[in-house]
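The structures come next, written out as structure tokens.
After this come two complexes, each holding chain A, first together with chain B and then together with chain C.
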Partner chain A sequence: MSDFWILLTGSLVAACCGIVGVFLVLRKMAMIGDAISHSVMPGIVIAFLISGSRDSLLMMFAALVFGVLTTFLIGMFQRSGIQSDASIGVVFTALFAIGVILVSLFARQVHLDQDAILYGEIAFVHWNVWEIGGVSLGPKAVWLLGVTLVVIIAVIGLFYKQFKLCSFDPALAAAIGIPVAFFHYLLMGLVSMATVSSFESVGAILVVGMLIIPASTAYLLTDKLGSMILISVAVGVASTILGYGVSVVLDASIAGCMVCAAGLLFIMAFLFSPSHGLVIRKLRQRSLASSVNV
Partner chain B sequence: MKNFMSMLADPNMQWIFFGCMLLGLSSGVIGSFSYLRKQSLVGDTLAHAALPGICIAFMLTGIKSIGVFLIGAGIAGVIATFGIGFITRHSRLKQDAALGIVLSTFFGLGIVLLTFIQHGAYGNQAGLDKFLFGQAAAMVGSDVVTMSIISAALVTICTLLFKQFKLISFDPGFAKGLGYPVAFLEQLLMLLVVVAVVVGIQAVGVVLIAALLITPAVSARYWTNRLGVMVALSGMFGALSGALGTWISSSVSNLPTGPVTVLAATAFFLLSILFGPQRGLVAKRLLRQRVKKRYMMEGELRAERMKGETAI
Partner chain C sequence: MSQTANKEYTASEAAAPLTISGLSVAYQKKPVLRNVSFQVKEGELIGIIGPNGAGKSTMMKAALGLIPSISGEVLVYGKSYKEQRKLIGYVPQRESVDWDFPTNALDVVLMGTYGRLGWFGRPRGKDKAFALECLEKVGMAEFADRQISQLSGGQQQRVFLARALAQNAKLYFMDEPFAGVDAATEKAIITLLQELKKQGKTVIVVHHDLATVEQYFDSVLLLNVELQAFGPTADTFTQEKLQRTYGGRLAFLDQGRGERL
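And then the complex of A and B:
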């Protein structure tokens, strides 16, 4: 049974991150995903200190606030003349540092150690069960991730056209009256939500892997946005299953193995993608060259 | 202040204090070049990528020393740099996605290896996880000596190759035209970043060492338009943050050095963004007010002159 819950949790993480990751990769903001996954940390710790529990709406809200704050600060520094990657670096390291300091100052009150934030504890997911009136309803993390996934699908589904236009041609989107900035922050809110509900199970840095790697893999496999999202989720789920299998065999970190599996799938796509793969392109060039010589 | 004096009286602490200052100095100096080359986040990626290298070096040798780790992390860093370049050159992914992919894959691998080490029969592994967040007080004398020597060497190399690095930071095409080995110099700079990252990991940690490369350089950029001054200022900001970080974290128990150092650097950054002489927010606001006032005054003069002319 625990295998089932772990795989379900991992797949939900992969689905949440896979969907929003596509938009991050398309808008060339992959590293903002990295920044958000680090900088929600103070929000999580503060919410934890206030509420004392790990699964509250407050935590989600605080993380959302910090996620949007991060994007806002990055944007503000960028406008004041700092290069975009440097402003990302300044903002997320500062916020992450605040988070780590809070954790180490209140380490006794907070049952939240730094390792858990970095690596996650997907192996313990099925111990933390939600019960109503003595009836077990399954792990809390699954519920949290499920709700997040529904919200993400609902928001992206409702505003699919707007998100699509904002990703490919923000100038046109602004010209025909779509509030580009609003959709930017909406997307960042979704990224923060996905990050917060995933961090407990896969850890902050592995969220980055799930955000960026499956989406990049999908980007190499298709040219259509719709199928890119589907492929990204499929790659994420596949790497979850593959990674879990490997981690059981090797007795190593589950989240780490999942990200390594995602990296492996990316390398496969990078080399053998039918449209953009390195090997396939080389072969095509060679056959073209030989046909020209004849 | 008394606390500060008592800290300096402890010879071991003296060394650590000195080492962290030198570390801040050298990463600030190197960071300014990577900032100008728009490669700030490469440092972050290389820091994460160093983790599997460090783990493999430890698994092979069983020794915890900076020298061994430096070799492992150096090799991992070179592979990571190559990977980033390879992905951006041979696919339609942009640099940010390539950075993210390399960063998370390497870090995932590092965590897998770390759990291997924890589960396996590597007796002396305690403290390897300190590398994630850094604890300067946990360093031993020989580590500090290695760290200081390497930091000093980094600063020396940057001073000697200042002209070359300046050229490839601003105009690599021109540098190539003049016959400089641009590809070699770029690789060398990348290697220096790797070395700075690895040396700093023990004091600041994998996750936050990037801040020492980025934040002082960005702060220094606010004060000057000259590269020489910028590099010196950035080194100074880095050194001061290193010093403050060690001091504060050693006087409060349970406080890791890395985050405090990063926050000290961030404080310098906020000071710079507010009070920088030309680009600072306060200076900009004052300039705008001055211009506005002058414009209003000129407007009044013009209006009076117009009135005079119509009267005539």
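And then the complex of A and C:
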């Protein structure tokens, strides 16, 4: 049974991250995803200290606040003339450091260790179940990720055209009256939600891999936004299954194997994608060259 | 405005398509547009001319509310542009978007209909048919399913034009639609502009090629941070006024009239 819960949790992480990851990649904001995944830390710890539990709504809310604060600060520094990559580096490391201090100060009071935050503990996901009146309803992480996925699908589904136009041509979006800043922060809110729901399972570092790698793989495989989202989720789920299988064989970190598998699938797409693949392009050039020579 | 006199107008529509008064814009304390005021007539093609850094694109963006202005008022058909967005079409510079975005030509044109769809509306069959019609008008119907990165620069520009048509506006802002396009596209664009004019629409174009100004535009606006001159092309596109706008950079204008800067 634990296999099932781990695979389900991993697939839900892949779906949440895969959908919002597409928009991060298309808006050239991959590193913002990285920044958010780290700087939600202090929010998570503060919420943990207040509520004493790891699955509260408060934690989600605190992470949202810090995620949106991160993007706001980065944007503010960029607008006042700091280089964009430097702004990202300054904001997320400083906020992450505050989180590290908080964990080291209060780690004994609250059950929250640095390893779990950095690397996740998907292997133990089925131990932390939600019970009502003695009836087990399954792991809490699955519920949290499930709700997050529903929210992400609902928001993106409802405002698909706005997210699409804001990603492709923000100037036209603003000109026809779409509140571009609102949708920017809405997306950042969704990224924060996906990150905080996932970090418990795969950790703050590897969640970036799940945000960016499957979406980048999908980018190489299709020319349609809708298919890119579906492929991104599919690649994420495939990485989960493949990675878990390898981790069982090797007896290695599950989250680590999942993200490695995602990296491997990316390399495959990079080399063999029918439209963008390096090998395919070379082969095509060679056949073109020989047909010209003949 | 005489050609549209037979149409019944509401009070706001009777006003000029665009009235700008005292518009100033500054980036980091440096003024890039100072106290610009003018009013355009309905049904005209207007060229905005000026050297690099003169604030041509900036003026367009400020008029559309895309960048903040430090002072000034912009009225579209007598009301704030915010109330009149549906009457405005916009063609940004082609380089302003990522043409590797996963989408096809028809889909980009369809984006022109988004403004009418409201918060939750989705483009439907009739919107798609209309978008295809717009692609046809720029001679790009056969490329409807083509991924946009596989189009040439001129074809991409025509897709942008088609998208503006899909906005079905009365007042168009176009930021350098003729920049870096092939001859076929240039011809397609100018034919389209004439067509829009015939329908009584007003088109404001940021333009670089001095050689074609007299041929293309009814009115010319000369800009170099401040408004230098504005009026019918014959009176405004003169050596003296151009000299003032471009400073010393415009030598041999009489001979140079036929050449690109």
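The rule we apply is simple: the second predicted complex is superposed on the first by the 294 of 294 C-alpha atoms of A that agree within 3 Å, B and C clash if a C-alpha of one lies under 4 Å from a C-alpha of the other, contacts with A are read in each partner's own complex, and residues count from 1 in each chain.
As a convention for this text, contacts are C-beta pairs under 8 Å (C-beta built on N, C-alpha and C of every residue); 3 or more make two chains touch, one makes a residue touch a chain.
No experiment lies behind these values; they were computed from the predicted model shown.
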{"item": "Partner chain(s) touched by A:Met228 [first = chain B, second = chain C, both, neither]", "value": "second"}
{"item": "Partner chain(s) touched by A:Gly245 [first = chain B, second = chain C, both, neither]", "value": "neither"}
{"item": "Partner chain in contact with A:Ala174 - chain B first, chain C second, else both or neither", "value": "second"}
{"item": "Chain B versus chain C as contact partner of A:Gly256, first or second or both or neither", "value": "first"}
{"item": "Partner chain in contact with A:Gly81 - chain B first, chain C second, else both or neither", "value": "both"}
{"item": "First, second, both or neither for A:Gly89, with chain B first and chain C second", "value": "first"}
{"item": "Which of chain B and chain C A:Tyr219 touches, first, second, both or neither", "value": "both"}
{"item": "Contacts of A:Met31 with chain B and chain C, given as first, second, both or neither", "value": "first"}
{"item": "Shared chain A surface residues [contacts with chain B and with chain C]", "value": "28, 81, 219"}
{"item": "Chain B-touching residues of chain A, taken from the complex the two chains share", "value": "25, 28-31, 33-34, 38, 77, 80-83, 85-90, 93-94, 96-98, 100-101, 104-105, 107, 114-115, 118-119, 205-206, 208-209, 211-213, 216, 219-220, 247, 250-253, 255-260, 262-263, 266, 270, 276, 278"}
{"item": "Touching residues on chain C, where the partner in the complex is chain A", "value": "28, 61, 64-66, 82, 85, 88, 90, 92, 96-98, 101-104, 108, 111, 114-115, 117, 119-120, 122-123, 147, 163, 167"}
{"item": "Residues on chain A engaged by chain C in the complex (per definition of touch)", "value": "26, 28, 81, 158-162, 164-165, 167-169, 171-172, 174-178, 219, 222-225, 227-228"}
{"item": "Of chain B, residues touching chain A in the complex", "value": "35, 38-41, 43-44, 48, 87, 90-94, 96-97, 99-101, 103-105, 107-116, 119, 129, 132-133, 207-208, 210-211, 213-215, 217-218, 221, 254-256, 258-260, 262-263, 266, 269, 273, 279, 281"}
